[in-house]
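You will see two complexes here that share chain A, one where it goes with chain B and one where it goes with chain C.
After this line comes the complex of A and B, so read on.
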């Protein structure tokens, strides 16, 4: 037990060193930019994991919350509000939206949330596209002011990379703490058997609502950072297709696994760019790849290591 | 200890369309007894349990635990007021470890603070330690202490049934409803289960035992209620009930009355 914990710590330390030295090795701005987007996506998928991975509620609204956070931040900073206000504004907007969506639908079981959030995503997209004077319509918003705390802020992509690493680390830490608390156990219990959870004293409606809201906060904050680090947003980044892509990241990485969320987000953000030379064949390969993962590793990419370990132990 | 029954039900009625599954059932269950509810298939035993625990609300009636009304409360409120249960078909949390299954119920009266969880403050640590203690104690009662860190889904069938009992115990119930706890167990496992139920009774928990296997319950129960077609047809000690002609008729058919 102790040696395995030590091994995990060493592995984590090596991983941290590798992650922190990447910008020194890859000075290519394009790669860093891509990694930044991968980290933002990882935060959004970590958020999706609360409602969908742990609590079992299908949420197709995560891209819309991402977008609400990004547009709130862009509009606020362009109107001259100080940057420090934007994370709070983004959180306020997504919490309000998730309450309005979640309160009526999460009392009901099964797929009502899926239906409602698909509709919500479409409403948000239509508002962004048609409210041109404020949102810039389909051409989006440019030259969004960057992150700035009392005059200090990251400059260039490498500094943003380190800011995002730090935020992602906090997002992971919060997720780990929730997982190992009564709330995290209540979420998973609600997914596994709603009635048994209720009869064990879990307020499943409240648990589902909390999971949904916490997930929306993750997306809202990621949206805020997206707008102020990429500095350009358009409706395409937060469309229904993006919602499905986020869900795919969660499934391919591994539902319910914190590591899986990061692996899934990284894989599905970086691979399309790495495989760009394939042209239209990319989509075929992508579809096949997703199917192969789901068939061969239903627990997602994160489960492969433990599956192999079990197989080896069994063979011995 | 007062003489007031810990659990009372008055006129509990439940209809499924035209079918009357429970027809004005009254119960008075004294504190600290093992009370069996028996009856032929379809007599309304599980429906009564679901009505008591709030899993499927009764249409009419009154249910009180220690004088507090439970009728139409949500199941988690009923659980927090001291009524826990197990299920006829096993419903454990497969994606949690054995001890985490039990901790879910162990946390039922601990308020959740998101701020406390995120900052891991002193109160949160204290709460978690108390939940852990309750969960370990409950696992020891059913003899699953050695499997605390295994995945719940990996337990063999009979142990999954015991895990459900441990989970129910962790909420510190006054009344424990057991829905066919011996279903699918072999003789050795059933005997051990009876021993555990006797231990629980000694610790002061009131037990409501729904069983299809009449012989199993007769030895352990202090009192027996017999249901047939949603009505209470007999009530008393196991000996009284076994001699009751209406019970014999319900179980064996009308002709046996004259046999």
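After this line comes the complex of A and C, so read on.
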């Protein structure tokens, strides 16, 4: 048992060293920017995992929360507010929005909730598109001020990379703590059987609402960092297509698995870029890859190692 | 002695002239010869997703010109090497595509006609100090303050001014309904059209829009009809313009309709009957099929044979852009600031259908075409120029 824990720790340490030294090998350009976007996606997918992976609520509104965080940050910093205030503002806006959406709708189940969250995403998109004086409409907002804490902030993509690594690490730690708390167990119980959970004294509506709000906070903070690091936002980055992509990242990575969220986000952000050499055919291979993972590893990419281990043990 | 002195002077002057001209010749050769071989060019455009129909026209125009130039020996004997990256439909993907193109350190980058993608890419390209030639139609694209960005296609601001002017002054309609696609292209134009109508003391009967993915626009059409519009200004993409015209016909709404180049695009006309298409007006970039020049018609035919889609105003614009750059590189070589300065100084450069002239913002196209469909055949009613050009 102790040996296995030691092995895990060594593997994690090696992984951390590898991740921290990537910028030494890659130049400050395409690769780093891509990894930055993958990390932002990972934070959003970690948030989605609370409601969908652990609580079993199908949520297609995550891209809209991501967009709300990004637009709040962009509008606030362009209006002259200090950057330090924007994560708090982004969180306030997404919490308010998740309460407005969650309170009346989280009693709905399965595809009814999915339909409602799709509608929410579309409402947010339409507001962004048509409220042009504030949101820039379909042209988006550009020249967004960057991250700045008392005059200091990351310059260039490599420095942003380290900031995002740190934020992702905190996001993972928070998710781990929540998973092992009473709330985390209530989420899993709600997913397994709402009736059974209620019989055991779990307030499932409250649990679902909390999962929804925590997920929205993750998305809102990621949106805040997206706007401040990419420094341009437009509605197409937070559309329904993005919502489906986030859900696919969760499913392909491994629903309910923290590692799966990161693997799924990294895989589906990097894979289309890695397949660019195929020209227009890359979408075919990309789609086939997603289908293969779903069919052969229903638990997602994160489950592959344990599946292999189990099969090997069975063969013995 | 005097004769000898004169001969000596003449010899020196003659030698100096020869040396000077040899030097000049060597310098102009050196300019073109300084280019890398092959000369690297980058293009980012939408080849997949819901904007692919538009984005491929940029690819077709650039690629067709590059292939022609290479087949004819390249520029000063150097072939052009075009790298194309797909932006998909999202600005984030457009940014990734541009970062990838920048890694290849191209001499010139062509951007697509999708304005949000260009807004996302401009900062990075400007930092790299690479001439950036785009066809994006949002008027604000060239107002970003980048010295490296140039546009070689007409923009929504020009259309928004000229469509109401033609409708009111030439067609005598003063109460139009406005219908625009609710994206960067349509909504920007709709606002401009409303402002231009106000200047002409004309009030729109109704202002409506539809989402890019909408398939039923009958509610908006009925609103326009019910509010007593005497005409329709229609601003959209070929696929949705086709649907609007078909639904107008189904609802029995007969209004003089004027719109952007989608009204006369081959992809629109291919899906309409002659009766549905007949009488529609458009103002927009120059489309090759309306030309009477056999060379241009032959070019359009060759493009269609190669890519299986008809060439449109964007294909012409991107094709012209490559040839414009060829002429600039032949003059100033492959020095990026020199190319940028030459682009900014462009005056009366003759393209396939129009002359290009740079203004202070970096806009090079100022001539548009007025078209009218005769059955399914668009006819050029005449060119119309932006005021001041």
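We take it that the second predicted complex is superposed on the first by the 315 of 316 C-alpha atoms of A that agree within 3 Å, B and C clash if a C-alpha of one lies under 4 Å from a C-alpha of the other, contacts with A are read in each partner's own complex, and residues count from 1 in each chain.
Quick note on the criterion: a residue touches a chain if its C-beta (ideal position, glycine included) is under 8 Å from a C-beta of that chain, and two chains touch if they have at least 3 such contacts.
Note that the coordinates shown come from a computational prediction; the quantities given were computed from them, not determined experimentally.
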item: Which superposed partner A:30 touches (first chain B, second chain C, both, neither); value: second
item: Touched partner set for A:241, first chain B, second chain C, both or neither; value: second
item: Chain B versus chain C as contact partner of A:165, first or second or both or neither; value: neither
item: Chain B versus chain C as contact partner of A:276, first or second or both or neither; value: second
item: Touching partner for A:231 - first (chain B), second (chain C), both, neither; value: second
item: Most chain A residues touched (candidates chain B, chain C); value: C
item: First, second, both or neither for A:44, with chain B first and chain C second; value: neither
item: Touching partner for A:138 - first (chain B), second (chain C), both, neither; value: second
item: Residue ranges of chain A touching chain C (in the complex, touch as defined); value: 27, 29-30, 33-34, 37, 126, 129-130, 132, 137-140, 142-143, 230-234, 236-237, 239, 241-242, 272-273, 276, 279-280, 282-283
item: Parts of chain B lying in touch with chain A, wherever the complex brings them together; value: 53-55, 74-76, 78-80, 84-85, 87, 91-96, 100-101, 103-105, 107-110, 112, 114, 117-118, 120, 124, 127-128, 131, 167-168, 171
item: For the chain A and chain B complex, residues of the former touching the latter; value: 174, 177-178, 181-183, 185-186, 188-189, 191-193, 195-204, 210, 214, 256
item: Chain A-facing residues of chain C, complex; value: 47-48, 85-86, 89-93, 95-96, 99-100, 102-103, 115-116, 119-120, 122-123, 138, 140, 144, 182-185, 187-188, 191
